[in-house]
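Each of the two complexes below includes chain A, the first together with chain B, the second together with chain C.
Right, the complex of A and B next:
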């Protein structure tokens, strides 16, 4: 990932900051400049909740270059407490233990390095809630 | 902080802990498994197992997890935190602070002091003292001190059995009815002692073997603890708990004997057998395990140790707010029970000991 693109998106990656249309109330993550539902450009910052449940998932066995260290890993759709759905990697879970309905919370994790000596990218993933 | 003759650091205004949080990665490798790989004898292994950072974890991610729990316990907004200090010797970048990433991830930026501390395993308590000083002098309202490591060890080295991953975060503020413990004072003992080091560019540290015991760990911890007690006019019997840096489970018990502290006051903080030595995280996690169970009025002695070498000793008195606040985030025991065992090959893959 380009350093500039990573830097610009750090708030959504670190803190799940999306936005919400002031006209129709729709929430976007990642944030948008224009509301695709009503065409409004009046959007306000919106912090997504950090907890939710896994509603659907798939297991990745053949990973892109750099991600071999993670395989097999889980990608899933998390429905957050406010109903917003987010696609993310599910971490700290074995493929045989993952299940739909599982309670998860946001965590920040490191992405595999794309470039030797390059910057380290951190982004949100979800992991099972620790009780 | 006001430093008086004799070296005790006593805040001129009372400072307390507003919240604390820990994080220990889910993966464990058994010492037996490491011994099997290197054909070592199975008896006298220093620990049962150690915590291993997953392939997507590092000191920064662990620090953020612990810090979020500390904020949850403190019940404050992240933007109220005016200082974030990260103590670690496992910086993902040789040059670029961990603290900026942590502060940004928490939402404490941009009006925040941020820096990294490095002093082997006592970098976290070094951050305690800075935070306490800033709060006591009224320069900041909330300061966060984090101690975290993903400790490195050369394959087959004696350190490989114990070098582990984990961390803890503490938020300091002026003592009030919402702080969970207040600080009575701190005392440091530091000398130039070459017991353990890692040269720039080296992947793994070097150490002086047996030399790490008497002249290094025991001398510094004993001097710091005795100095603190003598300056504050306290005796070992005044403490309900003692938390010592835990490079292995034996050292803190031996130190307790040196200081005349009953072993049952030290044992509640010893988590090293199940998670290994978390370096800068060790004193933090030890203190958190005691806060998880302590009662209001209990006095806690904390003594860190960092190679190179030095010790910071602290005396804390637990307050009423602990009873409710401790339940706001997972306790150390939750992290100890939450585990997945991995074998040496997965460990090698996770810790990038396999080159592709």
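Right, the complex of A and C next:
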């Protein structure tokens, strides 16, 4: 990924910022330019909740380039408290202990790939809620 | 919407290479081999071609070769001939056929060469995985660490839970493909496999196993389209194109609401049936896009060959075999014929031609009159359904 592309997407990756259609209220993550539901281009920033539950997951054993060192890792669909669903990695938990329906929360984690000049990249991952 | 008179369109010739690891052949070499075979089989030559569609998904990534249509047209010596590349992942081939069909139907061009080509064997497996994942929206997908295997796994688990079926049921799709490929001359894997070997193959992304997934491969397939009247003049065996429909959906399966909905495929199928004036029960065989076993099972359901959740029943009861109620993937499908991704839709068109002209040899479906092909990119975020009909 180019440094500028990484920089452009920083709010969605660091703070789970999506957007919401001002006309029909539909929420999007990642943010969109046009609302596919009503066609409106009037969209406003929307901060997603950081908690939710794991709807479905899979353990990845074969990774794309740059991610091989992380295997096995968990990719899941997280349904946040407002009903929005995001695709994310599940972290801080042994793959055998991951359960469907598990309560999870967002955290910032390092990505295995680095940008030019050794710039380190971060993104959201979800971890089990610590009770 | 369409009110101008359309011409009837025929597929008048086919040519193809075996799906394999062609170390000795370049993209250009594969393309030219398939295309020249097709043209000569109908007594045509390169100078008769007035349009070329090149279907390819990964040359830009794997070979660092963009501008493929012009590169190939020049290699064919056709520097001033219309030539365009179609890049739509696994829907590329079906979409290229769609574009050529429209050109001929609307009288824009008379003899159109469609050739799908892909060369994946010379890349590392992590490069292939990254290339395959590059059909998704990179600004979102890239930093999740997700692969297409992991998305297929999420669909697979949801499917098994909703319909109470086991992996051993869904995996029958791969067994079917290999059974049909075992007598197919152009298949990459012309042999049968057992349930035991599938269940013992490594897990890529739980529950998806190696023997339920396509492998990287090379190959090229070509079809020549022309007006039906011209096909009759040429006197070569030919089939008619009865319908061609393309529908799109959200790329992000998580955003779709129900990951099993596959709305684009449902719509493309219903529009294609309407265009051809047929119902699912009129289809004599279908080539479905099963890049993953579960996607083949779901495709049979969405195409209307059985009810939702009953795809595995079709497999268990042998209805998808060559002599069954609805033969599926008659030459081995993506799993066993092989899946040079951008070329798959053209291989499917070739196979529909072979069935409907009675040239399918050991894989012949008896009295086949109407055949369907299904192409897909990113779990039917693009779905193409083409219907072919026997004629003369």
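In the analysis below, the second predicted complex is superposed on the first by the 127 of 131 C-alpha atoms of A that agree within 3 Å, B and C clash if a C-alpha of one lies under 4 Å from a C-alpha of the other, contacts with A are read in each partner's own complex, and residues count from 1 in each chain.
Rule of thumb we're sticking to: contacts are C-beta pairs under 8 Å (C-beta built on N, C-alpha and C of every residue); 3 or more make two chains touch, one makes a residue touch a chain.
Note that the structure is predicted; figures quoted are calculated from it, not measured.
K.L.:
Return first, second, both or neither, reflecting whether A:33 touches chain B, chain C, both chains, or no partner chain.
P.N.:
A:33 sits against neither chain B nor chain C.
K.L.:
Under the stated touch criterion, which partner chain does A:88 make contact with: chain B (first), chain C (second), both, or neither?
P.N.:
Touch status of A:88: second partner only.
K.L.:
Could you say whether A:58 touches chain B, chain C, both of them, or neither, answering first, second, both or neither?
P.N.:
A:58 contacts chain C only, not chain B.
K.L.:
Scan A:121 for contacts with chain B and chain C and give back first, second, both or neither.
P.N.:
second
K.L.:
On the superposed three-chain arrangement, identify whether chain B or chain C touches more chain A residues.
P.N.:
On the superposition, C touches more of the residues of chain A.
K.L.:
Tell me which partner A:131 touches in the superposition: chain B (first), chain C (second), both or neither.
P.N.:
After superposing on A, A:131 lies in contact with chain B but is clear of chain C.
K.L.:
Looking at A:5 after the superposition, I want to know if it touches chain B, chain C, both of them or none. Which is it: first, second, both, neither?
P.N.:
Once the two structures are laid over each other on A, A:5 reaches chain C alone.
K.L.:
Tell me which partner A:15 touches in the superposition: chain B (first), chain C (second), both or neither.
P.N.:
Once the two structures are laid over each other on A, A:15 reaches chain B alone.
K.L.:
By the touch definition at the top of the document, which applies to A:68: first (chain B), second (chain C), both, or neither?
P.N.:
Both: A:68 reaches chain B and chain C.
K.L.:
Kindly list the residues of chain A that each of chain B and chain C touches, one partner per complex.
P.N.:
On chain A, the residues that contact chain B in one structure and chain C in the other are 68, 70, 111-112.
K.L.:
Could you pull out which chain A residues touch chain C in their complex?
P.N.:
Those in contact with chain C are residues 1, 5, 8-9, 12-13, 28, 30, 36, 56-65, 67-68, 70, 73, 75-77, 85-89, 111-112, 121, 123.
K.L.:
What residues on chain C touch chain A, complex-wise?
P.N.:
That would be residues 125-127, 129-130, 133, 137-147, 149-150, 153-154, 157-158, 202-208, 250, 252, 254-255, 259 of chain C.
K.L.:
In the complex formed with chain B, which residues of chain A make contact?
P.N.:
Interface residues on the chain A side: 10, 14-15, 68-70, 91-92, 94, 107-112, 120, 122, 125, 130-131.
K.L.:
For chain B, which residues are in contact with chain A within the complex?
P.N.:
26, 54-58, 60-61, 64-65, 92-93, 101, 104-105, 107, 330, 334-335, 338, 340, 349-350, 352, 356
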